[in-house]
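Structure, as structure tokens:
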Amino acid sequence: MDNPAERAPEHQGDSLKERLWRIIFLSESGAARTFDVMLLWLISGSVLVVMLESVVEIEARHGELLHAFEWIFTILFTIEYALRVWVVRRKSRYVFSFFGIVDLLSILPTYLELFVAGSGHFIIIRILRLLRMFRILKMVHHMSDANILVNALKASRSKIAVFMFGVMSVVCIEGTLMYTIESRVEGSGFTSIPQAIYWGIVTITTVGYGDIAPVTVIGKVLASVMMLTGFAIIAVPTGIVVADLHHEMKQVPMDTRKCDGCGHEGHDSKALFCKMCGHKL
Amino acid sequence: MDNPAERAPEHQGDSLKERLWRIIFLSESGAARTFDVMLLWLISGSVLVVMLESVVEIEARHGELLHAFEWIFTILFTIEYALRVWVVRRKSRYVFSFFGIVDLLSILPTYLELFVAGSGHFIIIRILRLLRMFRILKMVHHMSDANILVNALKASRSKIAVFMFGVMSVVCIEGTLMYTIESRVEGSGFTSIPQAIYWGIVTITTVGYGDIAPVTVIGKVLASVMMLTGFAIIAVPTGIVVADLHHEMKQVPMDTRKCDGCGHEGHDSKALFCKMCGHKL
Amino acid sequence: MDNPAERAPEHQGDSLKERLWRIIFLSESGAARTFDVMLLWLISGSVLVVMLESVVEIEARHGELLHAFEWIFTILFTIEYALRVWVVRRKSRYVFSFFGIVDLLSILPTYLELFVAGSGHFIIIRILRLLRMFRILKMVHHMSDANILVNALKASRSKIAVFMFGVMSVVCIEGTLMYTIESRVEGSGFTSIPQAIYWGIVTITTVGYGDIAPVTVIGKVLASVMMLTGFAIIAVPTGIVVADLHHEMKQVPMDTRKCDGCGHEGHDSKALFCKMCGHKL
Amino acid sequence: MDNPAERAPEHQGDSLKERLWRIIFLSESGAARTFDVMLLWLISGSVLVVMLESVVEIEARHGELLHAFEWIFTILFTIEYALRVWVVRRKSRYVFSFFGIVDLLSILPTYLELFVAGSGHFIIIRILRLLRMFRILKMVHHMSDANILVNALKASRSKIAVFMFGVMSVVCIEGTLMYTIESRVEGSGFTSIPQAIYWGIVTITTVGYGDIAPVTVIGKVLASVMMLTGFAIIAVPTGIVVADLHHEMKQVPMDTRKCDGCGHEGHDSKALFCKMCGHKL
């Protein structure tokens, strides 16, 4: 999210280019924050336009207006992209970075429409504009609460991967069992093993659409066992995140005492001496 | 909930007005609590009447009776409103406060029915009577358990907001993907991006109505990934609240005894001697 | 669960009646545990018979057999009831206790069938036999793990009540809003406010049957907000139980040191002196 | 998972047989890990083939290819099985172990197809190949994160069993009540008590397919109470796992340094001085 290369010390000057760089790539000054918020509104607006265009009735009635907005957003994003390329020092590095590609992809489709007839084919590329949403997540960087959340999720990553592997194994086996039991029944939704695994995922995550549901007695018994197991299993990822989050939050200093000797803060509440310099608290 | 202006020191006297003020606005004395409980029953009763009026069969058979009750409740609430306006010192402050407006809105519609024919149009206003339910929440103020809950929720607010923002971003992107995949299929429920986002929310929260469900193979695979991710994500708000609640509960002193020998606090509630110096507590 | 009156010290003798009392009402000796396990099997069996009788096809084919089993279980439960009344000292106290009434109600219906034709009317009473299941929960008493669970739930009781009150208020208001929005649409499931509240509960608990689902755009937006809120709210009861359970488990001694002075165990892991007698550990 | 008999000290030599044993049964050396990963891919591939064969359209078009792959996997698994039997010392012990039987069952069905016509009957046996997935779980053994998870689940086992027993009792009673209420209604899904219990499990686990849903007013009220209760109950297994996981994670030493001055342990990992006596660590 925070490309260190873009925070290079060479950008410490005061020229227009450098000031723009600070506004666009950092979010420390007031102007930079205004820029971020404006960008957030622009992105939200363009996302809304893409959404509304997909509704047949709205497209039919306000298609012209939406198209106009589409062009306004595209031009603004083009200016933003040009500015980014201009102010950044290592241009190729930005252009080929994840967000550089996202920035390009979010403006390209509208221009391509001018030349190509079936613009509908580029809907997938236009959707990439949504990826710009993620950019706003860098604002998250400056919120201490978000830091705790992100760290807890990072710490839980490998445990959640192990958990997911286990859940997938269970779902595969149970889906296959359900397929062997249910597939013989007329009009059953369990038409193949992948379909049964899809049902298994819908069930174990407690989503339960009901488009596929067991109809035989044995199928229902097995499904019941699976649901109850899933009910207990749902606790595992929660437990992982909670424990990691709890640990993460403990790191945040609770104690407000400041050492007279070295100025260190964040002592253990039971500490009698500064743990950094040995000075009596 | 607890407007400090209404607890003004000028209300320390003993006249009828002041005694009524104490009964209506505070819930410390026995009379005040009786008033609160009576109000709770009145509100529950009036809510029940509004509910039953909405059931066509009951309205057809017992419409007259419900209408009578409606008027009884309206008159009682009118008296309550008049009393509140009378006893409170800064009248305009109460009248334009949130609960002042709620109190007014909960009696106005019934009177308006006398003059206007289509009373049905005011059902929304009449519903505001339900908002009076919240007033009873001030009773919560006096329960120590509720304090812990409310504080934990307050502490979690900004973290939950960050989390919600993240969930919404994920749902927008996944909804758009599902729309591009599923919308071409005949009879698909994914008729537009907003519809697909609605489906995304129904899925990620594990509600799963089943009114919209993926029908293509790729759609089902993507939905499966989304459900499993949501399964892990559901742990996050839980983790936040648990960690904050845990922290909140720790704040409550478990044992306030202080060792005379070494001044150590935080002893086990069953301890007889200081665990740090062996001095008798 | 554990009526202290039945553990009266007068029952300390060694006669047949007293030995039987120990076997039936306590679960400390081997014979008593055998009795408890046998009772568990009997209850499970009789529950299974009631279940199978409700399945039309099985009743049609094996009705006679099930009826025979019904009588065997009834006679065995009658003997058990007679023994209980005989061995217990304060007979009226047992007979009018919760489990005394359950024991009586679980045998009465079968006898009543002899005299009354339409036995089907007593199905509700016969179901009370299921309540005997709860009696087995007294076995739980002797498992330390269950103690922790039960204590955590007891500690959470008032907080969960406050939480439930809050959830109900939210559901009432949201249900009413949904009713006003959705009820005008042809073929909507939101036919009345109580119906809308039922939908609200189905949604906020993430059950999501799909028998009632919003069809209007505003209805879907409101439902989405409600689901996301519910998603965050679901964390609250979990947080409550986790925090209480965590506290409960901490009470269980972690430290294995035993005081040389008084033999006390379960010291704080940081303790230097025995907290019971002041002896150095 | 980890049969200690297979790790017998007799296998400490360096012959081909012994080296193969180390590669197949242990996963400590690089070659052994390569073998494990290759096996994981083979198993995944064979599982995929079984899955795809179950899809009617794919079987019709690529049946020949899938059949060929089926034979390749079977031959490779046969070689693996033969090697395992050859290198292991106590052959009968391996052959009759859980994974020995799984290994045999995963190759047998394909050979049986040569002799028996209706191979479809052996689909259940062929499914056992999926059980090989579990073998890969031994890789989990070497991940410290998985250890924490597995230990937390083991520690929670008895508490979750108690919880499941309680949930089943509640579901039985509520299912029976729903049956008595709903079964008289025309077209109700509650056709028998077992069916009602199935509904109860679908509901309390918040899966909510919607294939069976209450239609009477009393049924809906009871279902609402049940859902709200289940909503609070869902917190219990989570609480159990969280608390155990938290305990498990605390066991992992954070800092093993001991103060030379006072012997105090459990210092903050960043501390430089003992927080109890001020001595340099």
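General remarks:
Here the chain labels run A, B, C and D in written order, and each chain numbers its own residues starting at 1.
Definition applied: a contact is a pair of C-beta atoms (placed from the backbone, for glycine too) under 8 Å apart; a residue touches a chain by one contact, two chains touch by 3 or more.
Being a predicted model, the structure only gives us computed values, none of them experimental.
Interface of chain A with chain D: the two copies contact each other largely through different residue positions, with under half of all numbers used appearing on both sides.
As a whole-number value, the distance joining the C-alpha centres of chain C and chain D reads 29 Å. One finds 41 Å separating the Cα centroids of chain A and chain C.
Residue positions of chain A touching 2 or more other chains: 163, 194, 197, 206-210, 234, 238-240, 242, 246. Chain contacts in this assembly form a complete graph, since each chain touches every other chain. The touching residues of chain C, when paired with chain B in their complex, are 158-159, 162-163, 166, 169, 172-173, 176-177, 179-180, 183, 191-194, 197, 203, 206-210, 213, 217, 220-221, 223-224, 227-228, 230-232, 234-236, 238-240, 242-243, 246-247, 267-268, 270-280. Chain C meets chain D in the complex at residues 47, 50-52, 54-56, 123-124, 127, 130-131, 133-134, 137, 140, 143, 145-146, 148-149, 152-153, 160, 163-164, 167-168, 194-195, 197-198, 201-202, 204-211, 234, 237-242, 244-246, 249, 270. Note for the complex: chain C touches chain A at residues 206-210, 238, 242.
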